[in-house]
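One structure is given below, encoded as structure tokens.
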Amino acid sequence: MSLFKAENLAINFGGVKAVDGVNFEIEKGECFTIIGPNGAGKTTIFNLISRIYDSTDGTMTFDGQDITKVPPHAIASLGIARTFQNIELFEHATVLQNLLVGRHCHSRTGLFSELAFLPSVRRAEVAHREKVEEVIDFLDLQHYRESLISNLPYGVRKVVELGRALCTEPKLILLDEPSSGLNVEETQDMSFWIDDIKKDLGITVLMVEHDMKLVSEVSDHVLVLNYGRMLAHGSPQDVQNDPEVVKAYLGE
Amino acid sequence: DQGIYDDKIVLGSHQPLSGPVALWGVPVTNGMRMAVDEANEKGGVNGRMIELIVEDSAYQQNKAAQAGDKLLKKDKVFALVGALGTPTNMVTMPRALKMGVMNIFPVTAANEMYEPYHKLKFGGFTPYSDQMQAAVKYFVENKGIKKIGVLYQDDDFGKNVLHGCENQAKDMGLPEVIKTNFKRGSKDFSSQIAQLKSEGVELVCLGTIIGETIGSMATAKKIGYDPIFVVSSAGYVPENISLAKGLTEGLYGTSQTPIPYYDEATPEVKAWMDDYKKRFGDDAVLQSIAGYDAMNVFIMALEKAGPDLTAEKAAEAIESIKDYQSIFGGAPYSFSAEDHLGPDARNSARLSQVVGDRWKLIGPISY
Amino acid sequence: MSDTILKVRNIETYYGPIMAIRGISLDVRDGQIATVLGANGAGKTTILKTISGIMDPQKGVVEFDGREIQKRDPDWVMRQGISHVPEGREVFPFLSVNDNLLMGAYTRSDRDAIAKDIELVHSYFPILKERADQPAGQLSGGEQQMLSISRALMARPKVMLLDEPSLGLSPRLVKEIFTIIKRLNVEQGMTMLLVEQNANIALHTADFGYVLEVGRIVMEDTTENLLQKEDIREFYLGIQDHGVRGKRRWKKRKTWR
Amino acid sequence: MRFLFKTDYDQDIRIAKHSGYYWSYGLLLLVVIAAPFFLESYYIGQMTQLYIIAIAGVGLMLLAGYTGLVSLGHAAFFGIGAYTEAVMTGNGIPLPFMDEPMVFSFLVSMPMAAIFAALAGVVIGIPVLRLTGIYLAIATFAFAIVIEEVLSRWESVTNGYTGLLVESLYVGDLELSDGPPFYFLCLGLLILVILMSINLLRSPTGRAMMAIRDSEISAQSMGVNLARVKTTAFALSAGVTGLAGALFAHKLGFLSPESFTVFQSLELLVLVVVGGIGSLHGAIFGAMFVLALPQGLAILKDYLPTSIAETPGMEPFIFGLILVLVIIFEPYGIYGRWLKIKHYFQMFPVYKRATFKRQKAYMKSERLK
Amino acid sequence: MFEFLQLVVGGVSIGCIYALVALGFVLIYKATEVVNFAQGELMMLGAFLAYTFISILGWNYWVGAAAAIICMFFAGNLVDRVFLRPVLGQPQFSIVMVTIGFGYMARSAAGMMPGWGTETYAISTPFSSEGMQLIPESMGSLVISQTDLSVIIATVILCAVLYTFFTHTRLGIAMQASSQNQLAAYYMGIPVKAVFSMIWGISAAVAAAAGILLAPTTLIDTSMGFIGLKAFPAAVLGGFGSIPGAVVGGLIIGIIETLAGFYLPPGFKNVAAYVVLLIVLVVRPQGLFGQKTGKRV
């Protein structure tokens, strides 16, 4: 059974049909990529999955559960984490604190025990820290642990955001243009990380990306959107050779 | 007792020197200063100079509490004199009394300033409620009024006005008064006036000060409603004529001391007013007199109390004052061991009316 | 060779106590495209911000057309003819797309020419015409990037500073943008200073290149020469010599450090 | 210069980051504990007032500084706390199974003051969850006006504008609500409130609050329940402010609705911003500012000629001027400046001049959050 | 029936007063995204200036009023230069604090100014405050005074002019742009500093006009600016940043207040407007005319 399934998904903003009857399925353990021209509706699909927008039509199923109507804050604990195209970190906090917020959906301590900082809270905090340190090691962020986000260069922020998503220990991770703003070397790193996320951590990846090199390296399936509709669907090689895709997206 | 030194007596007061009520605080302070200076120029009280420390209360309780603490605990004053405002005095008076410091003639006409009895507290102003009782009685008896309405500011001051009217109406067996109120600082009275009009009120008692007095009368005039308006001493001020451009013509006002008009004043008052103007560069107003009188009476008592001064003795000295008449022509002050209010509450109000650009005296009223 | 229109001499710029660029000098010649390459956090954006007056350098001189322009207000600098496409799509979120474009031409007063330029921009990016009345804050990331570039074009500057213009654009649009850049450069003689992560396309578009590492310039040359250098090929273009393992997990040290 | 070596995670979680903290805060504690034995009663009173205001400041800081929700109505919570305390320890509360209204010990009434205020916080918190920025500020302002009206109208309990006398507290013969005992009560509660705030801020809920302040959308995507955390923040903030109100009732000795107007709310906001928004230190510095400045001015006046000292309105003028100067000089508040000075000494031989130099700054719409 | 209409007329008059003050708030907010807590004080200063010209110096009303408005334009400019430019670009909160501090200073300064002081003053205006019949006397009584009418007309004119300015002129749009993204505004070559000084000038001028028009109703004293406390909710109710919104918000608050004062028990007049405000905000968080501002991610 597939991990995630979108059926006939649609949303419109006023007159703009941003997403219009999209169907796709993501298998467990794969890397599924959505590509398409600017404004095709890729990010909107992410926003629909993380329930920031209410779809006007269609259903979404995750792990056998209908998530079309769950509240947005419940998505993380179901096992879906995401990054943002424009980077949405907590600017006035340190990298460490940002990653710890990623642990929020796993915290079970009550308000009053927190006010007293009971030993149970301390234990839970240490446990969260351990998990966060794993992610820091994984992404080579040691150097930035205590830096304020507002002082970090763009590329590092992208990685921190990825780390924050990993801290939620998701089953499905949504990456919105993970390589944008990264140079070749860093894109290369990103491609390794995505591979590791998929293979070592066993997390399914849903990605939006414009760098076709990265897409070909890591994706198992590619979905091409244009004007909110599906244009093509298949392996990275297939879609890159599709003349429609070349015309609308890749350019001659 | 604190505040008494070999060469000086330290007195304190708090006044609204900033904020909306500064218009009262400033002349009261000046009046008090003048009395102090005059005493000091004459060589002080039993050889001691008087030092007066004035703090800004901004007419707020928090600030007044701060000011009170500073005066009482840091400056260690012998007495609080002429402190202005009901809410402000309510926080400082208990502190003073608790420390055995006198609270003398606060500039407010609230009953709490002399009731319940305390050895060290003395009131100097006819309560608003008594003023209004006398006024209501006058209008019912002389103008055949039956239907009474009250438009009052929604605070302690306004309530005092309301209670006076209600009490008198009850005493005289009149129908219940129509009451309508507003929040301090309101600019719009159309609904209140409309209500009074639709109830057919013939006498409107105003628990207002300046802007509200003019505003409500202007609104009434605009919609063609013409009852008798009477305002308490809080609204018996020249501004209610000078700012109103004729809108307040016919307004009645109660008071304890007349507004000093220079050209009508006695030579004594004229000289005093000249002196005031020389000292402060401003014309003396009723509030200056209030401050001056309060301080003067207290200084008189201090003299009487003799050289080894204590709060007890000063209190006794005040209690021994009988029928003191100041040069300004207000009601006389009398005290006794039981009565700590200077003027006689029932018989100390006078009624005036706005005629042209003057408040014109009609005569004393009582109930 | 043509004159140097923009001259940066020995500038140092700080973020609070952090020294982001450490004594940088570079020249942009009239009618040429210069590019700055560098890893993340090297300080490329900071250089552009210092030039356009968004940040004040602690030391050093920025000269434009023979005139010192450092430490001036950014709007004044802009009116001298330097237009800046900032990193991260700084659009006016609540203004319509059209009003955003009009603001781009704020310093110009010839209405007809402005209207013509809007049409030109629409022909480059038809989607901006479709979205003309929509608030810019609602556009997709790539659409905002198009708007940001178009807006800078509307100013008809002498020099354009471009900070990662291809960020988040589709491969087709990236190609188109660089065609436009080149065309503006060739046809209208517009001078440009280009910062770009896509080194391949940047080096092929530009005439002269600088390589920046942690706030210092470590290499400068014509782009033809740069394209030949092995380090550049390896670290900025991602072209590896055959024979070495295809995918490497370790970071190889750069030779010039 | 100090180098910190981290050896375990606990080190980050601990309150004191290094031994210097024990020394400096220990010393501070010693000073404030010893103070009442040396100071004149007037200054003891002032310090007590400082602690009370600081507690309220911490309350508002939790909301405005850490959760990013600005309230222009905190005087209402302050008032609710104050009146609860005054009524419960004064006239008492009529209970169905008792003939006389029940008068409570302060051990009951003070927590109740905090709880009532917290409940009021929830009441306003829930309907205004979707509001931000100026809209939220005005909604809380409107709420505060309604509360002020209730305080003045519910005469059977609050005595309306006539005002309510606050009874003194006694433990045996010792008067608790004045002098050194009250000083220690307020100091103790302030320390308690600060410790609880620190605890909160190093736990998940506190981090969620900070996350909401910076980006609601991504907080939500990380599993933060916005409604719940915001309501919690409102309740806590209101509760702490209510506790301060309860203490304030005794300090003031006489309550009337006029003590809890929008101007008091504004003063609390000034406190939070001038002190340094987003830090607990800021709340203390801010309390010193709003309290000590007018007091300092009042004392300064003693040394000025009367004609200047008693110029009507001089005090608020100087207050306004200093407020403006402080912000122009240091937009991040007194704490911001404090950090820089500390940084200067810590980095001593190698500090850079540029640390103190302000780069150009650009404001961006805060309507998008 | 006429009683009701008369109340509505009264509500409209007071509502326009709130609206006029609210306009000043909205202007500065729209162009700088700063909430100016000293707006009421600007109004107070304007009124005092007019009082100085007209009553103290004895100038003609119109000349004096115009002079006061022009002076306040420059004063607004100056306030921006002296107090706000040093904190330009800093967190909004800090800037708001500066306006609060300036408010304190302005109030006290007016109180210390020789000739102004803490007393209350009035200006003699050409508008009479006598009621004028709006309908034939035979049908009933529905009156309005010239003073009220002057406020209503001024509100309508100012609203229309300012609305056009903001939506249709380049400078107006540039002002909005500066508030939305200062950095980008600089990039466009918009002289942000000059624009801000300009809008402070305009806003102070509008405040002065409001102060002069309100003087017959509210009289002039140092605390007349507190009417801002009502105008503020009015602006928010309409949707902070919307010019027509400010006017509609003011009218709603004025009318509700008046009706509540008549038909509901005492005390409701004071809170009715705020209760309505709370209800509106719960239903429409952006106010009646406000732009919905969800963030796109």
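Of note:
Residue numbering begins at 1 within each chain, and the chains themselves are lettered A, B, C, D and E in the order written.
Quick note on the criterion: contacts are C-beta pairs under 8 Å (C-beta built on N, C-alpha and C of every residue); 3 or more make two chains touch, one makes a residue touch a chain.
Keep in mind that what you see is a predicted model, and the values were worked out from it rather than measured.
The minimal number of chain-to-chain contact steps leading from subunit A to subunit E is 1. Path length between subunit B and subunit C in the touching-chain graph (shortest route): 2.
The most distant chain from subunit C is B, comparing centres defined as mean Cα coordinates. By C-beta contact pairs, the most connected chain pair is D-E.
In this assembly, A is the chain whose CA centroid lies farthest from the centroid of subunit E. Look at where the CA atoms of subunit B average out and do the same for subunit E: the two points lie 35 Å apart. Distance from the subunit D centre to the subunit E centre is 32 Å, each centre being the mean of its Cα atoms. One simple way to say how far apart two chains are is to compare their mean CA positions; for subunit C and subunit E this gives 44 Å. For the pair subunit A and subunit C, the distance between mean C-alpha positions equals 29 Å. Shown for subunit E are the residues that touch two or more other chains, namely 107-108, 111, 117-118, 180-181, 183, 186, 222, 267, 270, 293, 295, 297.
Each of the following residues of subunit A touches two or more other chains: 43, 52, 84-86, 88.
Residues of subunit B in contact with two or more other chains: 18-19, 22, 25-26, 154.
Contact between chains, as defined at the top, is found for A-C, A-D, A-E, B-D, B-E, C-D, C-E, D-E.
Note for the complex: subunit A touches subunit D at residues 50, 52, 71-77, 81-82, 84, 88-93, 96-97, 100-105, 107, 109, 111, 114-117, 121-122, 125-126, 129-130, 133, 164, 168. Remark: subunit E residues 3, 6-7, 10-11, 13-14, 17, 107-108, 111, 117-122, 124, 129-131, 141, 143, 145, 214, 217-219, 221-223, 226-227, 254, 257-262, 266-267, 269-270 touch subunit B in the complex.
Those residues of subunit D lying in contact with subunit A across their complex are 9-10, 12-13, 196, 199-200, 202-208, 210-211, 213-215, 217-226, 232, 278. Interface of subunit C with subunit E (complex): residues 52-54, 73-76, 78-79, 83-84, 86, 90-95, 99, 102-104, 106-107, 135, 137-139, 151-152, 155. Listing the residues of subunit A that touch subunit C in their complex gives 13, 16, 35-40, 43-44, 85-86, 151-156, 177, 180-188, 192, 210, 212-213, 248-251.
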